[in-house]
Amino acid sequence: MKLTRRVKEILSWYESDNPGTKANLARILMEGRLGGTGKLVILPVDQGFEHGPARSFAMNPAAYDPHYHYQLAIDAGLSAYAAPLGPLEAGAATFAGSIPLILKMNSANSLSRLKEGADQAVTASVDDALRLGCSAIGFTIYPGSDAMFGQYEEIRELSREAKSKGIATVIWSYPRGGDISKKGELALDVDAYAAHMAALLGAHIIKVKLPTADLEQDEARKIYEKHNIPRETLAERVKHITQACFNGRRIVVFSGGAAKGEDAVYEDARAIRDGGGNGSIIGRNAFQRSREDALALLDKLVRIYQNKE
Amino acid sequence: MKLTRRVKEILSWYESDNPGTKANLARILMEGRLGGTGKLVILPVDQGFEHGPARSFAMNPAAYDPHYHYQLAIDAGLSAYAAPLGPLEAGAATFAGSIPLILKMNSANSLSRLKEGADQAVTASVDDALRLGCSAIGFTIYPGSDAMFGQYEEIRELSREAKSKGIATVIWSYPRGGDISKKGELALDVDAYAAHMAALLGAHIIKVKLPTADLEQDEARKIYEKHNIPRETLAERVKHITQACFNGRRIVVFSGGAAKGEDAVYEDARAIRDGGGNGSIIGRNAFQRSREDALALLDKLVRIYQNKE
Amino acid sequence: MKLTRRVKEILSWYESDNPGTKANLARILMEGRLGGTGKLVILPVDQGFEHGPARSFAMNPAAYDPHYHYQLAIDAGLSAYAAPLGPLEAGAATFAGSIPLILKMNSANSLSRLKEGADQAVTASVDDALRLGCSAIGFTIYPGSDAMFGQYEEIRELSREAKSKGIATVIWSYPRGGDISKKGELALDVDAYAAHMAALLGAHIIKVKLPTADLEQDEARKIYEKHNIPRETLAERVKHITQACFNGRRIVVFSGGAAKGEDAVYEDARAIRDGGGNGSIIGRNAFQRSREDALALLDKLVRIYQNKE
Amino acid sequence: MKLTRRVKEILSWYESDNPGTKANLARILMEGRLGGTGKLVILPVDQGFEHGPARSFAMNPAAYDPHYHYQLAIDAGLSAYAAPLGPLEAGAATFAGSIPLILKMNSANSLSRLKEGADQAVTASVDDALRLGCSAIGFTIYPGSDAMFGQYEEIRELSREAKSKGIATVIWSYPRGGDISKKGELALDVDAYAAHMAALLGAHIIKVKLPTADLEQDEARKIYEKHNIPRETLAERVKHITQACFNGRRIVVFSGGAAKGEDAVYEDARAIRDGGGNGSIIGRNAFQRSREDALALLDKLVRIYQNKE
Amino acid sequence: MKLTRRVKEILSWYESDNPGTKANLARILMEGRLGGTGKLVILPVDQGFEHGPARSFAMNPAAYDPHYHYQLAIDAGLSAYAAPLGPLEAGAATFAGSIPLILKMNSANSLSRLKEGADQAVTASVDDALRLGCSAIGFTIYPGSDAMFGQYEEIRELSREAKSKGIATVIWSYPRGGDISKKGELALDVDAYAAHMAALLGAHIIKVKLPTADLEQDEARKIYEKHNIPRETLAERVKHITQACFNGRRIVVFSGGAAKGEDAVYEDARAIRDGGGNGSIIGRNAFQRSREDALALLDKLVRIYQNKE
């Protein structure tokens, strides 16, 4: 499989990684309909941990079956599929080699009263990633939460082990908890800070939410205003996030959030594309639609990243 | 021992497991009077940890002897016998090869003041399971409790080790603690969430309690009502639980709870059968009756799962 | 599965073994048409290592396929199937739980010039036995050969590890090499010595060849003659071998040797039965016949051990 | 990447392997111009160890550079590239993700006076394979040599470790040494025996030389003649080798041997194809030609396996 | 590279260290324009963790790129570059061997509500330092804070491991938290105490802030006044800090603090030089200026330590 010039350029940024880890990044970047473009669309399905089964799948009951998601990601020509241990195990042999896998190592939980910003359990091991043939591990951090420090130490160890065994690291960076206001979780300064922290921790791929134009922290607001950091349009804000990801030296993808209208999804994707982001990680907006609708939506999403829409 | 088509189908769902683990699942599925049907009745005896000896056995003093339970499970033609380390050790040689064993790794405790939802001690090892000839380990989690995260990390490590050594994993998933109301522990949404979490954690066999028609969490209620998820009859609710177990790709059995009338036990079993559940795990309702009554009850239970009653 | 009184008696001889190992012995003793009788017929297929593929399978080409042997052992209702790593791997998932497996850890080799009595390579690990779901490991020793001491040390370590993990040990004991004459390999004194050595090494199941009435060693001959040890009939000689196996406290099975006429096979089996041996381990005489002929032969063999022929 | 039905069928044969190992086999089977057909052409470059640099590369000095071979394999659309540690390290980052890699773990050596059939040093580790992103390890055995037993024990351990970490095993099986005549190394009986041994040892992919119609061992000759095993044409002999590889349940590829005329190379490939072999592993006949000639030769080779020539 | 007499003298102070650790100290002391003088200027860039990306880099956007800082440190002829895991990884190969690296193991964080004096996460490992080719690890302690004891135990382990592997330890010692007043953080007695604690903990290089003439602790004030410890001029105070660093037997460098006017920076440096300190560790005052201005400032700084300004 000849890598494109663009993929080779991206791989060159991960200069301290061993060839095994680079090969797994290459697998993700060369997979599917966006393979070779440097753009990514990833299907993540860890809502089950976060919201329980009915809230995740009742609107599309076929999605109770873990095979459904593997097949959706493959049929839509996506770049990778991310899920916790159990669902990956349930299809890893049937779909071995069919799509790059990201083993989600920890997950949020709405059954606990320790909700916002609380720690997460680490529910899988790097050795699980090896035996299931995963290209990457995925890990969520909550910058700003009281659990943050513990999480950073967990991903330090998991990531160090993964890198030594040729497996890439994806960090989901979601600010919350502590003194951060609900609105502030999406504020540009906080989101950029969160993305930057993932980069500082050594992530290969960074996942954050799309930021609003709000500014949360006083010290940061002064800087944003003094330097007139553009933040009016979503594309401008995406561009700022890519700066926070080592000036574009780290892949950054954006999550779609709760299920919403198709047009909003497309608009987000155009802004990500125009702002220089690397793509979307789109869960509920994909699997909470019927398979037919999801394939249509993902098709258009891919076409947007192909500059065809 | 020729496996039935049904058992082969069930084994095919555990596609990432090594043949050793599959063989142990097969042993459970082919054992006893329900062998080959895909249905299971398991005898669990861990009340001693949970309620102490007198509350567990005074009503049937023969049951103070660990051999009693082995013999009961064998004579009733059950699928497996589950117990903590001590009782298994006390009979494992006498009954070696006579019935598949599940080594219960942790257990609740009513002597501690840390009762509801508190953590449990892990009182056995995977190597104990090997030396005692067990087919599976059993582990209780308390979704919703503050101890949940620690429990998930414990079972992650135990299950990873067990899977590598060809031993299956049974997870008892009992919501409790945190903000969950007493009534909510059995609410359909919470029970389905608990079953789903066990599946996400990589369980081969999931054990939950039978759910009521209640709904506990506001966000979930909206979904259940919006999508009209059927929950009037117990069979409908069982069916929903099987959806939460990867749409039926994971074995799910239901516990009988506290000792109660025979008719209630039979009614439960019929609902489990009609809703597509895989069977019962029935402790107190078996060993807290006289041996004669217990055998009669278990006989009828088996016949229900055989579609004869 | 209720063990028979006879199987419980046999298990009682293995009094230092942990319940896991006893359970695996019980699985072999309770399997198939002879299950529960204390008699065994085992299908071993390691001729590929010893004689190469064509000499092993050309007369029945279906047998080139490893699934063939699993299916043959199951369909004939045998007690266990023994083979090296590769063939077991090739069917271990399809037939998981369908028949007890013995992982042959070393094998002879006719491609080497170091033929008779030379060492063998150990080509599998106890951990392989666990992941493949095997009930026992199998190991060949060459009493009398120059390699004997090294082999004894190998099986010491393998057997110790297997016993700690609940896996039984079968020793193939074939005298050869050193000063033993070709004829002497089957001599009663040498064969009894070989069986005894396997017992001394801690084997749970001992496999030897059927002895002739010859006596090889001068010192031994004096004793056999002085004490008039009966050795005229094959049954008498089998009886003497069982004495060498701790007076019957260890299971001993006899190999059939090269393919030969059916009547000879039956005659051997009757002698083994009448002499108190535990059964046959019959490879070439099974798989080097057509499936139909093999099933007929194995059926009759089983019936002989059932005292029906 | 949707796997073809043929590749899925082939993967189903490796039923005891974890999904990680299956994914790596899938990567090899889906790569390059033959991706998805079940046919393979592999470029191996370990002549440096075996014959030294000048004998290997003087006829095409560009081939002194390890990048040359990576690029050749990629540009020719081959299935995988196999080499020892040093050359893989020299290009693994530049070509990360561009072609599946096989880390050759041991190699022959013509500088030693211990030439024919002597042992080989193991010059790499499974952890090297992980950090370099290799899909498989490769290992050479010399069936018949006095070093055979030691080699079997080495590959047992390497293969067990590789399988647990999701990496496939390729065994080069070259009979030599001991009492095997020079001519006998290629004799059909010996070659089939060698292929069978690799399968018995648990290889996923078996590499042997193309056999002649000769028969080396007296005992084998009787069988080949008695059963009229067809061996006149090369295709017939290839077919026999696939039988020896578990009746086609293991991938088998054939080496081209010393550099020779193009027509001979094509003739070999047609016979491999017609006899049901899985492909060629072609080293000297590729890299000892000019790049232009090699690409032309490999193009035609691929077309033959595509049934276009 | 011949070490100067001065550098040899400094190395002689680290007499319990192994030659590997000494060699890494020598690399730092011999690097750049101050190489050989015993003076150091270090560029630290861990503001991203502490203040987020915009507050750190918006005033000089080129500094979002981790390569910028490597290049700045090299072009300015500095002694070492210090940063957290992610930014070091992003340039460690491009600049391998170009400048000594200090891997910052923990970092402060202004997104957390647990701000002042709270613990920090340890976000890198000594093995990361080895694989990235770092000469030292860097670690921040907060003497006086409630987290102090935990931090001391963390650096105990990290430093022990680093020393055993030949890597030096730099401790950033910043008093804060507990009962220390905001003003007291820079008080001479407290700053000297903090420097001394770093020395007591086994640091090779100690980093503190420049002290004021204030005295914070009553018991200390009595002593300072009784003994007339000179503290009027900054140079006198620096001299007192070097006393606290084992009377000059440990290298001590001073941080510049927040960005400020050039003249203030130069004045500080002259005081450090005149007081016998070893140099400056200057972050924001370097990278928050344009590259041109930063190079001019650093040039003058170096010249001051060269006694040329």
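As written, the chains take the letters A, B, C, D and E, and residue 1 is the first residue of each chain.
Assume a residue touches a chain if its C-beta (ideal position, glycine included) is under 8 Å from a C-beta of that chain, and two chains touch if they have at least 3 such contacts.
All values derive from a computational prediction rather than experimental measurement.
Touching chain A and chain D at once are the following chains: B.
If you compare A-E with B-D, the chain pair joined by more contacting C-beta pairs is A-E.
Overlaying chain D on chain E by C-alpha atoms takes a rotation of 175 degrees, rounded in steps of 5. Separating the CA-averaged centres of chain B and chain D is a span of 49 Å. Here the spacing of chain A and chain B, counted between their Cα centres, is 36 Å. If you average the Cα atoms of chain C and of chain E, the two centres end up 72 Å apart.
Rounded to a whole number, the gap between the C-alpha centres of chain A and chain C is 57 angstrom.
For chain A, residues touching at least two other chains, in rising order: 92-93, 127, 131-132.
If the chains shown are joined wherever they touch, the resulting network has some other arrangement, not a path, ring, star or complete graph. Pairs of chains meeting the touch criterion are A-B, A-D, A-E, B-C, B-D, C-D. Chain A meets chain E in the complex at residues 13-17, 143-146, 148-153, 156-157, 160, 175, 178-180, 189-190, 192-197, 199-203, 217, 219-220, 223-224, 226-227, 229, 240, 243-244, 246-247, 249-250.
Those residues of chain E whose C-beta lies close enough to touch chain A in the complex are 48-49, 51-55, 57-59, 61, 64-67, 84-94, 107, 109-114, 119-125, 127-128, 131-132. Interface residues of chain B, counted against chain C in their complex, comprise 1-3, 7, 11, 18-27, 29-32, 74, 92-93, 96-99, 127, 130-134, 164-166.
Remark: chain D residues 15-16, 18-19, 164 touch chain B in the complex.
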